[in-house]
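There are two complexes below, and they share chain A, which is joined by chain B in the first and by chain C in the second.
So, the complex of A and B:
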């Protein structure tokens, strides 16, 4: 077998990926000024810094503004049904655990029609990075109240104002058994957004990141207070959590040292109403992943398949005299 | 011939030509690729045709048919889906009128509208006709706008200008008649009241007729007349004054400058009013000189009339003055009372010597409005603008007229006339001479391209740039001269996105500059200067002509310059061009550059001053920092004072990646972005993607603060979602409305 040599050749033409290599030909259709752009940039920076091969990376989404993101990534993508991003992503991870799976979903897609899948996806704890773009409104269909819309919000479905208190995706996630990673980011602080997305990617398990996202079209002033007054943002810092640049630290002085292993404090922080916590609320790398628990006997990645095949072929190989019994490439 | 020599380029062209010779006839019909979307103008809703709206109030405007129909739709069509059919019907009428006009039908809008209605009714199903007719009646009754409908062709500039002139004259005539009629009536009143004091007015017959027949037996009119006549005659008009008033009335009533009003213009029947529209300058100047005595007489009469009405005429004081009065005493206000003269000249048809006369007429300062219509910008044999033709390639006569200094000069192409009609009216209203240089787009040697498109291309390619010189706008060039009507006025060539289908049938796009060469290849006379090549013949050494022109020195004989074209089938080709075209584009760019400088864009004088000021500032800074180092050494202070950071205000936090050093290195008035806080939301890059550029992390920074205007920086700062753009101070002191912009920039600095 000449597999080793081919690998060498492949390595020779390996390229250094730049941000533009992750950009698809389609320019983003989001409104100018939309916070989704910042999330896209953070993800592209992550892919570049981690040098993720586009052919080994999958973006799965449901329906909504957030769910257009796979179109703008030069990688594999699956633009699924409304609320059904998680089952698709789970299927992909189950069958191809070698792929890097990202899920982009929105507050409507995740917490309303897809709420059941969301709860069980947390419990299954499969290794994937979930970015929940929370703009607290249905933007794609032009302004209807979503489960996270603030009470009293006038929208096309709640002309007299929303009647109910909004759902808190952080406390819900923290309340599900097997939860392993919960963080909150804000699109207007790109440095921490990037930091949180990177840590979420590096965590093995279901990493849930809620990103507070501005919608300049339908919720133009929702986050103005937080954008303009840094003291309303509580940055969660810890040696195992966020590390801040000096400038971010100087601007955002409202900081709390929070150990991401402390589930109870995480739940308290998640329940804050006056301030917005930004950082890693909870991380537990001990929780087993479902794909590992249910690992089958059938080889399911190209590398494994090749190893098994090579082992079979080697049984019939006649080696030259000077190269007795070479081991097969894996 | 700097750069590529003819010997080198010509064989290359021949070689390429021979490869393509099999399909040469089809290849001869090349158009600039950017024309692709405009192949059939009749299918588009654009400025033309225009409606020359008539209104003697002097406020009439030219309206675009599209605007007329839009206004009509807003007025009569119900909103939402209810009005869908009606809206469609009105748009169909607009379409039909456009097609009729394009086919050469002339007439007023009401007539063409009727024709279009008839066609629509004919095409409709019988069942729908009743509702359709009802709709059409309603629309027709509501449609108030009417006037001649014109398309963009060789007659457009003259018709447009004459209409504008008529509009202004109608307004002038109205004011004139009001004033003169008032004077006549008041003077007549003086004479009448004087008559009532005369013996004749007190004769028994007149008295009797004043009382009427009913009571004539009750009065003794003879006795009444006797009593009245015996009264005093002391306050009768002196015969001298009466004669003067009668003479003034005669002059006022028989004026020929405007058509007859209620009281003025009662001349003998076979005398026509003067004409003021001419087709050459000599006649116009002669007419002006011939009429000077009448004008002086008329002004005299008006002045005397005004004095007489107030009874302030003192013969001992005023007689010598009015005897002395001649044409040298006429003031600008006096001249403004009379109509201005309009001369319509046409390059190629009017006598070539007219160019000298036109300049003479404009320089003489008499109120003449000259239209010079150009049909052919390029010369017969060379793509370079001809020197002999008086229209000139790049604004020759108009550019010369700028030197006259007190004349209004306006140059544009037919396609922009509608958009810039305010400028035309301003020129017509300007009290002095005005020159209008208009390119009609109806070049005879160009086939298959409509005059509208060609004239728009002339402006777009800088071959015939638009500009205005308005002496009334202010004392200096910055306020008088304006080139902002040109597309992308800051750059050498206007750049557009060309979208096409590539080999893999995928949508592809590329920014393409529209140069003088693109304009020149439309003209069949210059076929020998270019050769189209199909995809199979493209080479690595090919370079777009605009890139080659942008290179310093252009000294690369090994490259093949090309422009994008499409042939009759819509196939994209690279058309290779030769030195002649390149040189002519170079000259065109030079002319444009000098216009830009006059218009205050990257002005070389301003730049020199700015550099001098910057050097001075730099020196001062070095001196200060040197002093600081010395002071520091003396005090042995370990730390440099930290740059002041305003505590919580996030706007003032310096960019983390550049750090404090960068903040210090930055000039205090320079614009900057806190790049690390950029959320990539595209607000600024959509305003100007040359000034605002994304870095390797896809976060924005200011790549070139001179790539756009201060206005754009301020607008970007205002629209930035996270307020991280700091506009600094304006870099170009000539930019308009700076005071307002600086005020707007203040909260972001």
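So, the complex of A and C:
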């Protein structure tokens, strides 16, 4: 669209942003040990490394513990309605391709109340980076089952155990036409989390990152097994995917070389039940972005509006006797 | 109940033949007259001068009665007649053929003066079968003695049930005093088109042009225009049909009316309310319209989809109304004010988003083209049922501005005004129109575009270091919003209660401060409103108060009553929340006040309904609450625009 082209203005003060430039003066209020902290750290590091101007960066969220993240960023934030982060972010991106748009959402926010928007956001494939904090529980409202809660989970609304099989956000995402980037990260592997978030940011399109997020408050031992036994994590590596530090490579030996262009294999990996895949499952940079498809050919200047309105009025006008006549559209 | 005969509808015969006699003779002519070749033109009839007529054309859907009616309206308007057209819409896309529920077409009211509503009952109806005709009879839409031009082919239909139905209906209508003319449309049209379902409408148009003494050349030009996207052959066939209808009526019908016309002095445009609305969106300088299809709002988005990209803008069809509203909010937040267009059920879904826009002070225009409710209600029918939902539909204290368009022209300008208010006050503005404005056509002065309709480009300059995003002005509650991209303006907007810096408020004082300031803006805006003018006299026995699409009908009723010597006036409100100052004083100058609304109110029958349990019409609730005046109300929920005759009758009852 025809957003103000401020990037062509000379940046007179050659500013170098540091991590603290992305930290708001509100200290994060998540519980100690909450995985959301690690996600925030990764994002602030990303902003610093990419040198994103804070005024050109927008963090959109819904409602939930995870959706508090924009308050802790020094950037523009939009902490809106439960489940509606995607359409808000789409509206922002539509006319303002110059803005860097991030969405933080929870498993309830994204996969339950916002599920319709989630599916369609994948289809629109607008250029934004999405972090779905999946703690498999409703945190903010105090421990109700979420669509990703494991079957049998005892929660306040399922005291005898959750009845249904959980929804798999990865297979769902990979099943939608126009999907262009799907990854999974874990808050307890910060190096790969950061790597994945950076690659998500650099992908032009709808980059969906599911982050397995620990909620010590309501799901204290949910991910213990994975944290303690690295062999249960399958790292997806590829020259077009993750690049591992020697340390990570030594700890996580269960690795698979997976080409992110291989959708079928991505779907198989997404369906693993015994192990947790971490890495980039799918990437396709050929999928067009909705904002580009809908970009107007001409900016809406007053002159253009006048011309187009007059053209339209002409179709419907009855002229006085002394002026040329043309039939009115009916 | 039938309204009284209206003064201006009385006809003055000028021909030699008394029309009553001529019609009587015709009504007895039961044999289709088409077999005879047209007699020479010497059979010239003199037109009967009338000041207005209401014409309806109805068919099965797909037979083109709507195009015929719209074209007829346009030709009449072009001639200089005052017109108002109303669509007759079946609820389904393909209702069964020859069914009472399937009647599709148009009502065209023609007059020698400017008219503001669809009027009372019809004077003349063209029907393509007796069942669709029956639907208009059953709905009491025909005047006693109404002239009927009915396709006669069904009389000899091979299906005995059809032939019998036709015979029964025609007998019934003739007995009821309608002046029935059976027209061999099929027989006449089949000479030009094999499938007469696609041609009869132009034959009918030709007949109507002849009957109403309209210029054939103008009609030809209109037909050429209506089919401009079709190839030459199709245009030619339609022109032949038009001509055939014209000649046939000339040769075979003793019906001819003339309504004095005056070409306008300034250019006029003829569009329906939804087209006017879409044009208004373009003229307002808004750049994004997010919507989800819903009758009767969709045609506005259809037309806007057609033209909006020409000015570099976007109609976004979202996955649902919740998303459409959120999308518009996102677009507004990061750029110019956006609009979302919907109808009742969609308004319900948007309420949470509207509340967010109120709370976060994001400008937003919401258009609700009202239809019959509650629930899915009557999707294609007119009702004014959403006023209170618009004012109070969301949770919590959510002050927003509610305005209503009263005419087709108003649909255009309201959007432009709404955008301006929304952006000046960082508020939500809801514009109410309804199904009757959406599809009605009426000429209005061609707007001259002005640059000050548009929003200025968005501000991307740095805000002062210590500026706060919600620095409420102590007198007006107004803020200056910070738009992403503005250096130093970074803050986290939130739907939670927040302080001036947009930080989440935990403090009771801070919460109240926000609520007070958002409320204050409404008062500040209210001070800019002027007391609406009274139609009729400044004081008197009865004041009728209305809002939205009923304006034309109410004012026409007032004019008729005043012509009878009654001290009746009317007041029409454009802004319903907040309302202008001075309204109370107007109400006090009348002995009795009642609202006239196209929505439900209980009528106190003394049996079950009394003053303790009576539910009032929407505007009546609002006026009673604000002004502590015992305001009465009358409402109708028939899905139709309210007729002026009905209003006059109600007012007479109220006066006696």
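Just so we're on the same page, the second predicted complex is superposed on the first by the 285 of 330 C-alpha atoms of A that agree within 3 Å, B and C clash if a C-alpha of one lies under 4 Å from a C-alpha of the other, contacts with A are read in each partner's own complex, and residues count from 1 in each chain.
The working rule: a residue touches a chain if its C-beta (ideal position, glycine included) is under 8 Å from a C-beta of that chain, and two chains touch if they have at least 3 such contacts.
Please read all numbers here as calculations on a predicted model, not as lab measurements.
Using the contact criterion defined above for the overlaid structures, shared-chain residue A:73 touches chain C, although it does not reach chain B.
In the superposition on chain A, A:94 makes contact with chain C only, while chain B stays out of contact range.
Once the two complexes are overlaid on the shared chain, A:157 sits clear of chain B and of chain C alike. Touch criterion met: A:84 reaches chain C, while chain B stays clear of it.
Once chain A of one complex is fitted onto chain A of the other, the partner contacts of A:271 are absent, as it touches neither chain B nor chain C. Contact with neither chain B nor chain C is seen for A:285 once the two complexes are overlaid on the shared chain. Judged by the touch definition given at the top, the superposed model places A:55 against chain C, while chain B stays out of reach. Touch criterion met: A:35 reaches chain B, while chain C stays clear of it. Among chain B and chain C, the chain that touches a larger number of residues in chain A is C. Looking at chain A, you'll find no residue that touches chain B in one structure and chain C in the other.
Interface residues of chain C facing chain A in the complex, by the touch rule stated above, are 67, 70-71, 73-74, 77-78, 218, 221-222, 224-226, 263-271, 275, 279, 282-283, 285, 287-288, 290, 307, 309-314, 316, 318-320, 322-336, 338, 352-353, 356, 360, 441, 443, 446-447, 449, 451, 454, 457-458, 460, 484-496, 503-504. Contact residues of chain A toward chain C in the complex are 1-4, 6, 24, 26, 53-56, 58-60, 63, 70-71, 73-81, 84, 86-96, 98-99, 116-117, 119-120, 294, 296-300, 302, 304-306, 308-310, 312-313, 316-321, 323, 325-330.
Residue ranges of chain B in contact with chain A, taken from their complex: 506, 645, 648, 650, 653-656, 676-683, 686, 696-699, 719, 721-723. If you check the complex, the residues on chain A that touch chain B are 18-19, 25, 28, 32-35, 37-38, 40-41, 44-45, 187-191, 214, 216, 227-228, 230-231, 245-248, 250-251, 253.
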